[in-house]
């Protein structure tokens, strides 16, 4: 055949035939696509299929249940939780009881699976109850700081300009101190105790969320739908909370889930330094403080290892499980992979 | 030129932050009910009200808070951190001068330990993603960020005592930099560095894995470069950029860690001094050490940003 | 001997959804100095073919079978070290997106002279001189000053030129250009294509040009292969493909190019999309989108044949081959499209031409 130079035009390639005719075979396009599933739904499904995260979740659930039901809980004199799973009274020196053959630093046995401490108190019961303060402070602090940081960061990021400048310099200043150092100073001011510890960790904790949310807001703000909402005359507050926040919330959740462990370690660290609770309180860190000198008695003396291993091991397992959840949430929400960076803290 | 301008700008930006740091420090500590004179008086019951007022005037505690701040910051800028009130004849400067080197040595050891462990492990885990080695190192790293450092320290002591019959608690020492000390530095150093090493390893792994998926890596391979060069020249430098962004965070980690670890190992550094100052309400010391950590972190941040700018040519002209 | 001869290459990707046959039993040759075009929609297996040629298929991909003869030697049998000495040296690649193909933290000059130092054993200074010469040759002004610029300081067009300079740095025998101009705007595209062609002529380099754009092929190539679903559906010298396309898919691609002075009411795009390669339609994989498909197309798998004779394609470089059942006499309705040149004279109807 000959080839000719010139403009080529095709006719007769009738595509309507394809769309109008009956399918020739039972093959259909896109047979494997999953369709459009909601983001949170998909995240939850992925989280559920993450074995490590589910192990973490079960461990946290079990530890929370155990510590809650270890001893009855009283609020303002009213017993709100009557169940008592712990075999002994955590505060009672057993050798003072008639008929008890327990002594100081008894090694683990069937009746005392974690041994006894210096005052002959049952370690197992103490470890069970010992998580109450740290765990609940962990959740309370993260709830408060994430909430405050969210609002703070959203305001700074949304308004921008000098408002943002001033607000972020304040955040920078808070960030200039390790969280634990700030917490120590606050404890120096307020003294020890439950709500004092909440304050001590809440004060430095919010800055990380504020910075994170502000960054998210700045990037979300450029999206068309925000401009559209503003153009339609939506009020500032409603633009922030209806349109921007829902999109910026995923990294916040990731960071919150990873922060709980950090706060738990921080609370225990203050307990260990003897600054969190009165000596003798059944709290993981405080218990470790009480048995510290047993390790320094020099060569020759026998060491009650159980007094150190179990309370610290409980913190470790709880925080590890919490971080497994955090990693799982991170993967599920597909957020930035290095958000486990937060403020320098207790660990 | 670009880099120098960036550094100058960045240094100037730290000044207001340092100012804020001093205000926060001073403000917080001054919220403490009572002043150092009250503490002093409670130790010496024979001090009368007249003498108390005289002391207060001498140390300036009768002035309004802002004037006290100005006096304090003026003295600090001249290098005078004030007296330690409960220890006669001892100034805060003396305490800092004798304790700070101890903490710096410990912290540096922790830092070096973290880097030496984390960078190679992170590279290994990213390159061999989803291999057994990757899973193991990730599990170890997850444990490392989850383990409370004080408990890790106690466990190391316990382990050393029970298994090897060694007691890494400080005896009277020769010099800070003698070989003897180095040996006693190992356990606290590991304790202080573990959390940072683990965090760093996780960041290294994820940033490296992210970089490995980029097209410049394929392009480098297509150039026929050996895999070693591809990883250690092209990928590593890009991954280190994101690592520098957390360097200041890791420093904060180590500074905070020194407080706890020094108590665990009876290490005579600033951290232990800080806890003692809090228990004995030694205001000038609390002020000085808090200010010190703040300034140290601001400077660490500054340094990290400069390293970042040196590693990433894109930042300078932004 | 052809420079490159690919025989029965099959590449699979083992994904979570299943095994994807990205390249299926593919054979073609590239002669020395020839400019060979590979065209198809995204997902047709063009880039996978290119990466196979570099032996850079990564997990979860795997070259299943076949051979890739380069200068008579099978790349797939070589040691990794031997392949590395070929990559960047004898076979070089130009990437689609220069911005991502350049490492942001090293200077453009360093990234080019690195290759020269590695393959040609040049010292620092000679490598730098050669790099500056190359930059100059691909049309970067003030090449000496720009040597120490970072990629972000280059414009998109300049980055693409730098990537071309990088590919040419060791005088390769084969240049694989994967959509080299897709990221650029049209005026720069034309310039760069011209330059690429000139440089290839000057260095006597073969080019495998991968694109989805038939216009680009027309400008540069001697011979074309049209790919669909990991397979070649038509191979032809470039002018024959344009003036006498044989495969309905090629026809569809041609008719979906908008032209000035078009008399058609609307553009005839090919309906539907390239099938997901996990779940390939039976028979001819193009049948769900083909206006001429018949029942036979769902059963019988067409092979590349000479459209004139219906005999299986010989693999000769100059031949025109298409994989459509029409040419093996399995279709009853025929292919009733027409190709008009200049909107008037000779009309060619492939169905008529068959006998």
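When the chains are written out, they are named A, B and C in that same order, and each has its own residue count from 1.
By our rule, a residue touches a chain if its C-beta (ideal position, glycine included) is under 8 Å from a C-beta of that chain, and two chains touch if they have at least 3 such contacts.
As the structure is a computational prediction, the values presented were derived from the model and not from experiment.
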Task: Leading chain pair when contacts are tallied as C-beta pairs - done: A-B
- [ ] Report the most central chain, judged by the distance from each chain's C-alpha mean to the global C-alpha mean.
- [x] A
- [ ] Averaging only over C-alpha atoms, locate the centres of subunit A and subunit B and give their separation in whole Å.
- [x] 23
Task: Centre-to-centre distance between subunit C and subunit B (centres being mean Cα positions), rounded to whole Å - done: 56
TODO: With chain centres taken as the means of their Cα atoms, state the distance from subunit A to subunit C in Å.
DONE: 51
Open item on the list: Two-or-more-chain contact residues of subunit A, please, as numbers and ranges.
Closed with: none
- [ ] Sort out for me which residues of subunit A touch subunit C in the complex.
- [x] 1-19, 23-25, 27, 29-33
Open item on the list: Applying the document's contact rule, which stretches of subunit C touch subunit B when the two form their complex?
Closed with: 54, 56, 84-89, 92-93, 95, 97, 100-106, 114-115, 118-119, 150, 152, 163, 166
Open item on the list: Quick check: in the complex, which residue numbers of subunit B touch subunit C?
Closed with: 214-216, 218-226, 229, 234, 237-238, 241, 311-314
Open item on the list: Quick check: in the complex, which residue numbers of subunit C touch subunit A?
Closed with: 17-18, 239-240, 242-245, 248, 251-252, 254-255, 259, 261-264, 268-273, 275-276, 278-279, 281-283, 287-295, 297-298, 336-343, 345-346, 348, 353
Open item on the list: Going by the contact rule set out above, which residues of subunit B touch subunit A in the complex?
Closed with: 16-17, 20-21, 24, 28-29, 31-33, 142-143, 145-151, 154-155, 157-158, 161-162, 165, 167, 169, 195, 199, 202-203, 206-207, 210, 242, 245-246, 249-253, 255-257, 259-260, 263-264, 274-275, 278-279, 281, 286, 290, 293-294, 297-298, 301
